[in-house]
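Next come two complexes, and both contain chain A; in the first it sits with chain B, in the second with chain C.
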Partner chain A sequence: MTATRTTRARTMRTMRALPAAVHAELIKIVTVPGVWICAAVIVALDVLVLTQQYPRNVEMLASLAADGTVEVAPGERRPSTDAFLFLLVSALQIAPLLPVLGALIAGQEFRTGQIGLSVLAVPRRGLLAAAKALAAGLFLFLVAALLSAVDTVFVQLVVADWEPGLPFTGEAFLWRARFLLFAVSFGLAGFAITVITRSTLAGVIGTVALTMVTMTQLLARVAPAVDALLPYSAARNLMVSADDLTASPGHAVLVLAGWALLAPAVAGVVLARRDAR
Partner chain B sequence: MIEISRLTKRYGGTTAVDDVSFTVRPGRVTGLLGPNGAGKSSTLRVLLGLDAAGSGTALIDGRPYRELDRPLRTVGALLDGAGPVPERRGVDHLAWLARSNRIPRGRVREVLGLVGLGGAARRRVRTYSLGMRQRLGIAAALLGDPEYLILDEPWNGLDPVGIRWVRELIRGHAASGRTVLLSSHLMAETSAIADDVVVINQGRVVAQGPIDEVTAGHESLEAAFFALIGSGR
Partner chain C sequence: MTARGAIRMTDLVHAELIKIRTLPATWLALSAAFAAHTVLGLLAGTDAVRVGGPDGLHQIGRLGTLMLSPAYAFVAVAVFAGGGEYRGGQLRVTLAAMPRRTRLFAAKLAAAVAVALLAAIPAVLPGHLLQHAPEPAGDRLAALLAVHLLLSLIGYGLAVVARGVVAPLAVLVLAAVVVAPAFRGTLPGLVSLLPHESALSLIGLPAAPATALTRPAALLTLAVWATASVGAAWALFVRRDS
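Moving on to the complex of A and B:
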């Protein structure tokens, strides 16, 4: 009875301390110029890619046929609505850079021993780990939302004279939700690998490796069930229309949610169990 | 009161702290002395919850550090090897620390003024001299106006003015009935302000008590220290 009461009191204290700890972590994130530079580079690359693709997207709309299809690639026609909704997640091309941002956010702790100060300020490791993951997740979400907004502007520029309401339909918001889930999950994967290895470089290399495994399609051929568990593969399974997907969209949502929850949880356990160095 | 009892800490196969016990009393300055690698910093790290103890206890106000609510309001610490991110501004470094313990933002400017960094608050830490970084670390320790000050090598990088300022700060803190535990290599500075000393060598306490008792029969704290650790160098 007393033990239960003590546990409950401790949980209540932790919950009360969480908002301040998250706020402190957000201050850490937004006061390091490198984080802003990385975020700006990611957004700028998205703008650059979309600018390059803009004429092609205009041509795609010009290819609109009476049956409602457009030519998405030479000889390949798709329903126009599907084709333009997919453009709302054009930032998928840039998204492999989001784990770099996650790694930068996490890595600042280990460069000069700041982790020692963090533990001095928030000595309950579980609380510290939760605050770190929540703050990183929130910042990644905001950057991903900005990417999504950029994608929306470029789609709107193309479809304004044809179907101006297209980027604001329920289905359009569902596409954005899929992208945001992936972006935050993958960013948190970079964050978690960095916390576990205490190295920004290892976080970057780890997530690049995860991306490369998906892009080479090797694992998809050899062990599709394992491939489906990788975050970039899950994004493909969730958002790309193809015959050679390794899992259903529902499976992909579960995988991405799993990465978003489990990767920071494992990092939190590691952070809690070892000395703050 | 700080109570360290039968504390042991190992890193791999190396025993850094071996069955260490001592008490730090309020209203007094306690100096923790020892050569490099003696176990001073490891003892402080375990006391502050950064490293887990192998065995034994380290308590502040009767509780482990990690059980303190808003710990910066109880304990202010300056630790070697736990520094700010160089790209961050000094004021921002203190801002996140303050926010984490719900310390009013106004206190940040107050302590920056107190340590003489008011004019450099908006500069990035990488542009600070070693002495300015040390002052920033002391500002962080003072942020919560704590009952306890735990300072690891507080005079590092400070000029004579800074050294005197830290000396007065420590004495003033103890004079107000609060508790100071400091670790240092500087015998002259330590002997000038410490009421009690704990001498550690190779992870074990080799002497402790009021400074007059520890130095009895020796011409200085330095002479007593070298006699205790068995080195005339």
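Moving on to the complex of A and C:
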């Protein structure tokens, strides 16, 4: 009875301390110039990609036929609504850079022994790990939301004279939710690999390797079940319509949610167990 | 007017070579590059394994980015030579010992170039011989060595500019695997001038016909990148706080 009460009291104290710890971690994130440079580069690249694709998207709308299909690629027609809703997640092309942002956020602590001071300030390691993951997740969410907003502006520019309400339907918000789930979970994967290896470089290399395995389709033929477990493959399975997907969209949602929860959890356990170096 | 006991240029280069030689990262990166080149060369030469792609199976030897990927492990040698001293304030000690910065930079660069030139041969040669077993192609080997040297110089310059080892490697690799594919369809002319794409053209394995350059043009493009990167590094190294 007393034991339970003590545990509960400790849990309550931890919960009350969490907002302050998250706030502290957010301050650490936003005061690192590299984080802002990386975020700015990601958003700028998204704008550049979309600017370059804009004429093609206008052409795509011009190819609208009586049966409601547009030409998405030479000789390939798809329902116009699907084609333009997919453009709401154009940032998928640039999203493999988000884990780099996660790695930069996590890596700051390991450069000059900063982590020792952080543990001194927040001695409960579980609390520290949770606060770190939440702050990183929040920052990644905000950058991803900005990417999503950029995509929305470019879609709206194309469809304004045809169906101005398209980017604001329930279906459109579902597409954005899919992208945000992927963006945050892949970003947290970069964060987690960096915490586990205590090295930003390892975090960057690890997530680049994850992206490359998906992009080169190394495993897609040989071991589709393994391929489906990779975050970028899950994003493809969730959002791209193609014949050679390796799993269903539902499977992909579970995989992405698994990455978002398990990767920071493993990082938290490692952070709690190891020397604060 | 070299006084007796004065520090000669060769002493500086020698000191820098010791630094590179005693860094574990150098040997780790070299081993990774050697192992990856050899394994890929063996797989490409025997055509034992094919890689699945969106349009069927590919011969490994035709996939430029895959065949060139060990070069980025090799580039880490030069990147650590250029950016490794910024960790823990090591560079301040070096500057206290050798205050003339232009001389120091020249010595560091000479050491990095010498290492890149010498180390590229053992890293590349076994894989190249395995891949082209019947008749090794001399011009291909020369192109591959040039790519290793010039990419190393680009990485070296970026490391000094960024004062670290993470940013240059991240920029080089991500520009190749994330940024370039996103623009390959819409801006092929610009993409073909990126370091990775011109390196692919130089070794004769361009990612797409639209981003292919002729060999001399690719060599020139890479040389311009290397010169710009090293030039920027030199200008900043001489003027900036350590």
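The rule is short, and it goes like this: the second predicted complex is superposed on the first by the 277 of 277 C-alpha atoms of A that agree within 3 Å, B and C clash if a C-alpha of one lies under 4 Å from a C-alpha of the other, contacts with A are read in each partner's own complex, and residues count from 1 in each chain.
Going forward, a contact is a pair of C-beta atoms (placed from the backbone, for glycine too) under 8 Å apart; a residue touches a chain by one contact, two chains touch by 3 or more.
Because the structure is a prediction, the values reported are computed rather than measured.
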| item | value |
| --- | --- |
| Overlay on chain A: chain C relative to chain B, clash or fit | fit |
| First, second, both or neither for A:201, with chain B first and chain C second | second |
| Which of chain B and chain C A:11 touches, first, second, both or neither | neither |
| Touching partner for A:169 - first (chain B), second (chain C), both, neither | neither |
| Partner chain(s) touched by A:121 [first = chain B, second = chain C, both, neither] | first |
| First, second, both or neither for A:31, with chain B first and chain C second | first |
| First, second, both or neither for A:23, with chain B first and chain C second | first |
| First (chain B), second (chain C), both or neither touched by A:248 | neither |
| Closest Cα approach, chain C to chain B, once both complexes are overlaid on chain A (Å) | 9 |
| Footprint overlap on chain A, where chain B in one structure and chain C in the other make contact | 34, 111-112 |
| Complex contacts: residues of chain A adjacent to chain B | 13, 17, 20-21, 23-25, 27-28, 31-34, 108, 111-117, 119-125, 275-277 |
| Interfacial residue positions of chain C with respect to chain A in the complex | 51-54, 57, 63, 65-66, 87-88, 165-167, 169-170, 173-174, 177-179, 181-183, 186-187 |
| Interfacial residue positions of chain B with respect to chain A in the complex | 45, 48-52, 65-72, 75, 77, 79, 81-89, 92-93, 95-97, 99-102, 140 |
| Touch list for chain A against partner chain C, complex | 34, 45, 48-49, 52-53, 56, 93-94, 96-97, 100, 107, 111-112, 200-201, 204-205, 208, 211-212, 215-218, 220-222, 244 |
